[in-house]
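Everything on this sheet refers to the single structure shown next.
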Amino acid sequence: MRMIVAMDRFCGPDEIEHVEQVMAGTDVQAVRTVLEGRTHLITAERDRRALASRLRLLPGVTSVVEPPGNLRLSSRAHRAQDTVVKVSDVSVGGDPFVVVAGPCAVESRDQLAATARFVALGGAAVLRGGSYKPRTSPYSFQGLGREGLGLLAEQRAATGLPVVTEVVDPADLAHVAEVADMVQIGTRNAQNYTLLREAGRAGKPVLLKRGMASTVEEWLLAAEYVLAEGNPDVVLCERGIRSFEPSTRFTLDLSAVVVAKRLSHLPVLVDPSHAAGQAELVRPLALAAAAVGADGVMVDVHPEPSTALCDAGQALTPAGFDELVTALDSLLAGMRRPLAGSLRPRGALVADRL
Amino acid sequence: MRMIVAMDRFCGPDEIEHVEQVMAGTDVQAVRTVLEGRTHLITAERDRRALASRLRLLPGVTSVVEPPGNLRLSSRAHRAQDTVVKVSDVSVGGDPFVVVAGPCAVESRDQLAATARFVALGGAAVLRGGSYKPRTSPYSFQGLGREGLGLLAEQRAATGLPVVTEVVDPADLAHVAEVADMVQIGTRNAQNYTLLREAGRAGKPVLLKRGMASTVEEWLLAAEYVLAEGNPDVVLCERGIRSFEPSTRFTLDLSAVVVAKRLSHLPVLVDPSHAAGQAELVRPLALAAAAVGADGVMVDVHPEPSTALCDAGQALTPAGFDELVTALDSLLAGMRRPLAGSLRPRGALVADRL
Amino acid sequence: MRMIVAMDRFCGPDEIEHVEQVMAGTDVQAVRTVLEGRTHLITAERDRRALASRLRLLPGVTSVVEPPGNLRLSSRAHRAQDTVVKVSDVSVGGDPFVVVAGPCAVESRDQLAATARFVALGGAAVLRGGSYKPRTSPYSFQGLGREGLGLLAEQRAATGLPVVTEVVDPADLAHVAEVADMVQIGTRNAQNYTLLREAGRAGKPVLLKRGMASTVEEWLLAAEYVLAEGNPDVVLCERGIRSFEPSTRFTLDLSAVVVAKRLSHLPVLVDPSHAAGQAELVRPLALAAAAVGADGVMVDVHPEPSTALCDAGQALTPAGFDELVTALDSLLAGMRRPLAGSLRPRGALVADRL
Amino acid sequence: MRMIVAMDRFCGPDEIEHVEQVMAGTDVQAVRTVLEGRTHLITAERDRRALASRLRLLPGVTSVVEPPGNLRLSSRAHRAQDTVVKVSDVSVGGDPFVVVAGPCAVESRDQLAATARFVALGGAAVLRGGSYKPRTSPYSFQGLGREGLGLLAEQRAATGLPVVTEVVDPADLAHVAEVADMVQIGTRNAQNYTLLREAGRAGKPVLLKRGMASTVEEWLLAAEYVLAEGNPDVVLCERGIRSFEPSTRFTLDLSAVVVAKRLSHLPVLVDPSHAAGQAELVRPLALAAAAVGADGVMVDVHPEPSTALCDAGQALTPAGFDELVTALDSLLAGMRRPLAGSLRPRGALVADRL
């Protein structure tokens, strides 16, 4: 497996040579490659932790990426440039920051229509909504199934937003892929390799949530199952991991966004709603996701959260969603990064929409 | 949801009345029931943590079980007595302690035959062997599939041991259930509800491993998916959870065995091989599993571990397996608990078998 | 313990009354209080989880804070307004965002002087530097002790920056407090109650790092030990918790910043250097800390990281520190929040300083 | 750092030679040493993970110990034989299994006297009791301090049992060491290096609890702080680690007992009371600790748990303690291991003592 040493954009030729000498001194040869205006040294050898640590500290070196041993198609060694996944006409992974929003679960035509219209006008680029819900208890609401898929198709037509929706059973994949512009694999199926393989063959981009107990490497290896089927369009989504802290449902691991983007060329979204499990934390965590370098966020919105059939406590109200997009807009302006679809009218739409 | 207060076998009537008075003082009424010679007070009300804490400390009270809100068929409130699952002619969950053993993965006729003969003579009551392997990387050995199922069927015939083997794809379930005496759901599919439901309909007992990030309650709720399909024969299996400790692959949570058996009537096995990931830890952890009250252990055995295609470092050698069974035998004797199938000849069989 | 319901700034009187009715229906009475222009309903009763969940979903309700049972002086119930801690002339906890920077360990006069000058010119408001280092191994460099304190005093005089430095032994507290403008309690002593109490009596503000295994509640209870000694000046610092993820040294828990600031009035900093353990992650995580609402960051800077005696891999180079402050400046501009001390000249200072 | 390969007691000379050849093939030379009747190969080279994995799988090899890089005095490389710590006249770490029992906190002369008499007659070899309690909240009962030490001294005289009690402040160490036969460092001070060093100089054995977030290596490095002061008498105590599982207070990590005993020659106890936080789990977990190979257990006992001032829910009643010792006795008989002090009369003593 190759090691990739990224040199600083402004480093001098002597700094590059110095790094090459250090490598040669440990018997490693590297090829110089210029990517996006920066020199990268890519080795032909397997990674060596001690060397990597030494290289990291040399002047001019920006980063040293050691792809974990098993990564292939998902690794920067395979593809150094960022992958941009097209979800219908929306680009995920490019410069614009993408907001995916909608109800956790599709509950009814009225609920979905109200939410879809609201988030479309409010700045979302993609509509989310679950029609097959993997619930911890068999006695909880399990989603509307095919009926829900029909409602999602209606709202895609009505709003023009592409749709992402979850699949939990390989047998439903054909129906889901017919409607969905991106097929979601949830955290509980993050190591359901049968489903991952099938999703890789369904002809649609795949949104792959991180398993709640998956390391970053295991998450990327799950992506390999999709990529190995010939589907290059995988979007990763960090959604919180299990830890001992009880004040949030999961511990949102924003470091993992940085690590995943260093190891892999795939775009990474963040889902603060499922991580926190509380609406009050969604806005600050979504802002942090933008600041850390994620390619977008995915949030739960519900016209009337107190009546939601699924994860009621974590959905933003329409007003909360507007506040979120307004705050994201400001923050991204400071980072010189546009919000995808931000040309759509926004602002005083709350009154209009309610 | 009901609360169950188990009184001490030798408590007096005044102690029972005292508990009832404390309950009445907080507006809870309970029905007296005698199960296995002990009085149990079962409330008609929902559980109340504060009351439970108080009751636990009263003289004569042995345990207070509060079934988590969502548990139904798996809970002691539904069924107070231990469930005994028949895996072919082997009882799991009764007094005899069950040893399930075999290779992590079925690799060849010779490898399986050698292992099966060895463990059958050495004290195993059930043969394990994976033919469909859920591997973290798509580039690792994925199992022999249907060919492996055929080899398992052969060895069941040859040794008389019932067979447990994993299923990862609902589409394979019919084939697996034809051969398997018990169908295993692995830790990565522990919240794959589609597979759990299908397994519940396959007509065979189900061995349900705990998800590596599942709480005990979530594990039991996964069992509910199987039970709710009308299949009462679920065997739970603790196999280690994710923690920060790096010296073992997972952290074996033996407390969970006690907690699961208090909340639920289902039998619980322990898999020390996958938890530790190192053969050297298997024997002491298996002994601890027996001491903590598990109904059996499931261990990896391989005729030549250094050549194993899967999880090589954790398999016991034949000699290691003999040492394990000998040590279990002694320990269980101290606990006055028999080893299932212990009437089979054992002892100086190592030489004979090699 | 009281529950605090914060109403939306723009909610109507009927919304407030509706919340009061819901409370009254469960037998809870609340007093209306206006804080910072917003109505708060503060109960005289102990917290009730179920009620809190219901109240959270009512229209007009912004947040429901349930102070964990044991919090007193640190809780919002005790003091609703944000506490601003004065570290010499620098305000921590007010509107300006504070950058604390310096070497992990004070190693020599030259090393400290170079770093201090650099960070002072580069935008730091407070100088950090450890002179007593709690090291996992007794055979690692343990700090310069009193000699290092002297060097810190010199650099405070030279740069005008107030100084924060760690104490590990109650016997050193008098010396440390003589030099330090803020005394740091590290993660390994986060539940060393003797040291916390003594620090509370030392007459200087206390920077309290979160224990690597402390819940937010336990962290605030540690702060109570300091506050209970009559010292109101506690600054909290999130620095990562233990989880199963191996790609970073600790998992930075930015949700905890939000939770701590909701439960408590104390300011909260974030230390991305010790959390990540890798210089490459410091900038994105520091930006995320600003976005999530922290009051500042604390980062390791070293003139030549490859020679550092402590945690070499995580220190920013001077150039890396400049990039961090520039990026923070932009981001905070988008959030309409100033950088503390940002009137100092910056920008093309790198050349000048090197 | 040296690697230690322990050969099987009954392996042949060809097996030993084969291992030596494999080592020589990777350029490592080893010295043969016979310890306790078994051949050990101890290398003069630094550890090599890949080699260790290969050696583990060779016939005749029982275990391969690679001391983590920083371990010195605590490691098997430093001392291959088990250390036996004398706590007054009680040996901890030898063949007999030791039961340490007593109240979590010393509350009064009557409470301590009743408990001490009970556990002394019931099979305990050492009396425990906290007089300085590190409590998460400053508003909880903090222990009787020096008064409690006096009560412990009285009960040592009355029962003849040596006493272990916790120290939390270096300033109290002299007083504590005067009374205590073994000084305890608790989990919250497991990385309080000041206290560890002072304890190393106090002239008494030290019972070192594992930090609730410490890896096994960090735990042993904490022990190095004591050992490096010239005190060889350290007893380790596993007491549960932080994990995501909420049904127990901590997750008891029994694998860590095996790992610690492989890496280190120090004795290891287990505290199931503080790990589980529930009296109902203490007996099964204590049995598991014995089965896994711990050198003893430490349990909370209280004459009337419902009135305990500290951790009431986890204390065994006198009757519960008797059941525990009886069960341990049987289990250890199966393992051919005696209970320390088991010559003392036991059995129908409950009636006598109540």
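Order of writing sets the chain letters: A, B, C and D. Residues in each chain are counted from 1.
One rule holds for everything that comes next: a contact is a pair of C-beta atoms (placed from the backbone, for glycine too) under 8 Å apart; a residue touches a chain by one contact, two chains touch by 3 or more.
Source: prediction; values computed, not measured.
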- Stepping chain to touching chain, what's the minimum from subunit C to subunit D? 1
- Counting C-beta pairs in contact, which comes out ahead: B-D or B-C? B-D
- Please flag the chain sitting at the greatest distance from subunit C, going by CA centroids. B
- In whole angstrom, how far does the Cα centroid of subunit A sit from the Cα centroid of subunit B? 36
- Indicate the whole-number Å distance between the mean C-alpha point of subunit B and the mean C-alpha point of subunit C. 45
- Item | Rounded Å distance between subunit B and subunit D, as computed from the means of their C-alpha atoms | 29
- Residues in subunit D with touches to at least two other chains are numbered 213, 241-244, 246
- Query: Taking chains as nodes and touches as edges, what kind of graph is this: line, ring, star, complete or other?
  - Reply: complete
- Within their complex, state which residues of subunit C touch subunit D. 70, 72, 134-140, 168-171, 188-189, 191-195, 197, 211-213, 218, 221, 224-225, 228, 241-242
- Touch list for subunit A against partner subunit D, complex: 242-244, 246
- Query: For the complex, which residues does subunit B have touching subunit D?
  - Reply: 53-54, 56-59, 62-63, 213, 215-217, 241-248, 251-259, 262, 275-276, 278-281, 284-285, 287-293, 305-306, 312-313, 317, 327, 330-336
